[in-house]
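Starting off with a structure, shown below.
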Amino acid sequence: MSETVTPTEMMTIAAARALTNADICFVGIGAPSAACNLARLTHAPDITLIYESGTIATKPDVLPLSIGDGELCETALFTVSVPEMFRYWLQGGRITTGFLGGAQIDRFANLNTTVVGDYAHPKVRLPGGGGAPEIASNCGRILITMAMGTRAFVEKLPFITSMGHGEGGDHRARLGLKTKGPTAVITDLCIMEPDPLTKELTVTSIHPGVAREAVAAASGWPLKFATAVAETPAPTAEELSVLRDIQARTRHAHKAA
Amino acid sequence: MAELMPLAAAIAANVHDGDTVAYEGFTHLIPFAAAHETIRQGRRELTLIRMTPDIIYDQMIGAGCARKLKFSWGGNPGVGSLHRMRDAVENGWPQALELEEHSHAAMANAYEAGAANLPFAMLRGYIGADLPKVNPMIRTVTCPFTAEVLAAVPAIRPDVAVIHAQRADRKGNVLVEGIVGVQKEAVLAAKRSVVTVEEIVEELQPPSPNSVVLPHWTITAIAHVPGGAYPSYAFGHYQRNNAFYIAWDKIARERQSFLAWLQDNVLSGRPEDFARYARRQAAAE
Amino acid sequence: MAELMPLAAAIAANVHDGDTVAYEGFTHLIPFAAAHETIRQGRRELTLIRMTPDIIYDQMIGAGCARKLKFSWGGNPGVGSLHRMRDAVENGWPQALELEEHSHAAMANAYEAGAANLPFAMLRGYIGADLPKVNPMIRTVTCPFTAEVLAAVPAIRPDVAVIHAQRADRKGNVLVEGIVGVQKEAVLAAKRSVVTVEEIVEELQPPSPNSVVLPHWTITAIAHVPGGAYPSYAFGHYQRNNAFYIAWDKIARERQSFLAWLQDNVLSGRPEDFARYARRQAAAE
Amino acid sequence: MSETVTPTEMMTIAAARALTNADICFVGIGAPSAACNLARLTHAPDITLIYESGTIATKPDVLPLSIGDGELCETALFTVSVPEMFRYWLQGGRITTGFLGGAQIDRFANLNTTVVGDYAHPKVRLPGGGGAPEIASNCGRILITMAMGTRAFVEKLPFITSMGHGEGGDHRARLGLKTKGPTAVITDLCIMEPDPLTKELTVTSIHPGVAREAVAAASGWPLKFATAVAETPAPTAEELSVLRDIQARTRHAHKAA
């Protein structure tokens, strides 16, 4: 095992720590999937993982490449149709935690995964929202994982794919939402949480070895820092080894034809 | 009433230029063999509906079959962009592609409403999102009891639904198992349906009384195409070829490499070619 | 999170005077043991919801538990009237019973909407029928795309859903199999839920990935009550006692014979009594 | 086997003859269930029988007492939830033939199974509509089986539980219905069909040995007769023996505890 922790590993481990045994978690592909399964294989063995393909209480041995790999169904308690997944389970209010990422985020944790540029004549056509618009509104809380950078953390989104805290303040409540929305943005450099009142993202914890200036420089807007910024605890040996093991199994599995 | 026939005949009889079609399968049981046959038959001006266009629609769009795409997530799952779809949207190659974009929840509900023969679907959705500003097919409906305003989208009612399933019996009853996606809804919402299957059996014998079954009178044509979901997978038969999904990124990135792949693997191919993927997996088990 | 406990404790903790409750099971898996326990605990002023009140609600109504019934078909299936229900409606004995009457389609859709956390359900229903004239809870909604007018009913959101199922595992995950009715919807639509089961197993092991499962975090309390669906049945365990359904017509026809039956079979009974029905069937197989 | 055919047997056999192999049939309890299974066991072995409990393509060996007996599920091709039954299969327009009966019927084949007397203060409280209101509108055609009598065949219904031809003529079309509605009322004495134009029920066939006057006397309204009234073909030996066999098996099964 390498002694150097990569920023992506730190991000995944910090995200995993935000989860508990009581979570019913709607998992996206990539960092969220790694974080959720890391939590399951370390401190939260009873966490319930749900993928939008319909697999409920799944326990994959390797990380899926798609949200519907066979591994997910084979290890699930049961599997429902996609309409049922979105109607009874997501809209039904059964999911405590939704995980989102995106191409771009703004200071109120709104996300863009649709287009860069004008919608009708895009500079870059991104994949689109998928489940995100309703994950963002129907889950009890939202965790976001994204690597930082000024092209990703932007002053103004060209398109709001899924709402975080909208224009800030009580915007969610004004739209009738009863769910919390994003409660943390876990990046490769730091952890941000919305200010209790304004809902503006505020850095509350910086990962070990990362300079405060580097965090500020990686944001496209003037980033707020909490009065007392913590240092994210370094990954434990167990966290690192479990994460690297599952990723090694995953690489091996996906390369086999 | 389902008729058992070769895939070429099933596609020729049911998929016509200008049709609105849904080749469904949510990461699992994606009907690739049927899509390749559609490309070979040179269908044009199709309106393609699919929650996740995936590489199956990347291939059909790149081959020039489509004029419009209705979808909710257009990526190569876990890999990246759909380059052929992006080339059509951004550069109009090989022809312009009109987009009608929804969320997954809206698409899933729209299929469900189609199967239920309702004119529209409602959902608590799109709250605070920009998509309703650019898609006039996202409207609202007001609850007559609570006055809550909900999102509304038109029901999906394709001319044809095309799916792949594990097995059919001699009468044409079909079993779908595992990640069942929106396939049942797509077939029930459609005017016609084509189903490719891994195997034909004497008796269907679903493992549970509550298994997902499509009875023969909901299906127009069934074709026996083992391996027909490759490089996606068929639960109980063969696994997803994730390596091919990763390789597709390179194949589809440039027009020339895509066209060469299309010539070698689709235009020069036959439905029977897919059987080798089913056999290889069976041998490995 | 599902807690395994004796039936008496499960009912005491979850069913309170004045609650809106749904004891569901569509001819199959009707939770009779739980209903008897509710009668024994003397619950009053309940609003009972059930598509087919069946003899389970005939018993609860006759025992004085109910002030209101929301339903869509109130008979003894294949036999005739529910005499206790009729006595309450026609003569106010043992107390008046308010009715809110729908069609099966409306009730099924209303449960479905409840499970989906929607405020109302829509259906193409009640066309040319008189029920909307006498039930103000049947309204309309207009399609924002086609202008078609559809029927609308409020979603069903009970305080408690009570069902019977084949089995639960140690964690509290529940399998329902066979005629699954609206049980899953009732549990998902309710604030709390009580499930009685034929057996508790180490691992649930559903026969298909697509089996009907209620995970432990959707259930409040589970009680192990073998035979708890008698005289209805549990697919895979014991059959419906059609002879009892026929005999009920005579028992329930007069108040005195009903009260005598109630005293002997419910008020003097215990949940454990139901086990003899499960045993008898097992022995016969 | 008795040589005398009872009126109920004649009704059931006449109803069975209205069904074909191509029918996807929504079956109610009682005479419809007997008729549908008689058709299946004689001339229409491939008929698809569906009970509203969710059982699809069922082949019971004994007639069910309820629409959800175990026999139905055990012999079905598959079984769906009740919401799915009413949404995808009935409202979905997948049913070619629905069978209805009722306590009362009028000349336009509207049915009452709800109340006799005022709805709020009924003389007799009947079971209610169950599936009937939407069976009546969503099935391709409706067959009705009812024993005749002046209390059942009435001039005016106190309550319309399910619509037949409403006020007659094009009333169904005016309400936007595209299905045919009742195409035959098969009674213990005769068969009636709606007049092509007025939709008023008209006797088109009288069962063997029944006098035209007896038919007229069993209706609460002045009954119309077709210009040429046929005689219903007498039951064949096969029809009778298959019907009596299944009913004997059924009696035996339901008496066993």
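As written, the chain order gives the labels A, B, C and D, with residue 1 at the start of each chain.
Basically, a contact is a pair of C-beta atoms (placed from the backbone, for glycine too) under 8 Å apart; a residue touches a chain by one contact, two chains touch by 3 or more.
If you're wondering where the values come from, they're calculated on a predicted model, not measured in any experiment.
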Given the two chain pairs A-C and A-B, which is bridged by the higher number of C-beta pairs in contact? A-B
Could you put a whole-Å number on the gap between the CA centroids of chain A and chain D? 57
Between chain B and chain C, what's the gap in Å when you average each chain's C-alpha atoms? 39
What is the distance in Å between the mean C-alpha positions of chain A and chain B? 28
In chain B, the residues touching two or more other chains are 112, 117-118, 123-124, 148, 178, 180, 184-185, 206, 209-212, 235
In chain D, residues with contacts to at least two other chains: 73-74, 79, 87, 91
Could you tell me which shape the graph of touching chains takes: line, ring, star, complete or other? other
Which chains touch, pair by pair? A-B, A-C, B-C, B-D, C-D
If we count contacts the way the header does, which residues on chain B are in touch with chain A in the complex? 26-28, 51-52, 71-75, 77-79, 81-82, 85-86, 89-90, 101, 103-105, 108-109, 111-112, 123-131, 134, 148, 178-182, 184-185, 212, 233, 235, 239-246
Note: in the complex, chain C contacts chain A through residues 1, 115-118, 173, 184-185, 188, 204, 206, 209-213, 215, 217-218
Residue numbers of chain C touching chain B in their complex, please. 117-120, 122-124, 137, 139-146, 148, 150, 152, 154, 177-178, 180, 206-212, 235
Would you tell me which residues of chain A are touching chain C in their complex? 22, 24, 48, 56-57, 73-74, 76-80, 87-88, 91-94
Give every residue of chain A touching chain B within the complex, in rising order. 29-30, 52-55, 64-70, 72-74, 79, 81-83, 85-87, 90-91, 110, 114, 119-120, 122, 124-125, 127-134, 136-138, 159-163, 166, 171-172, 175-177, 253-257
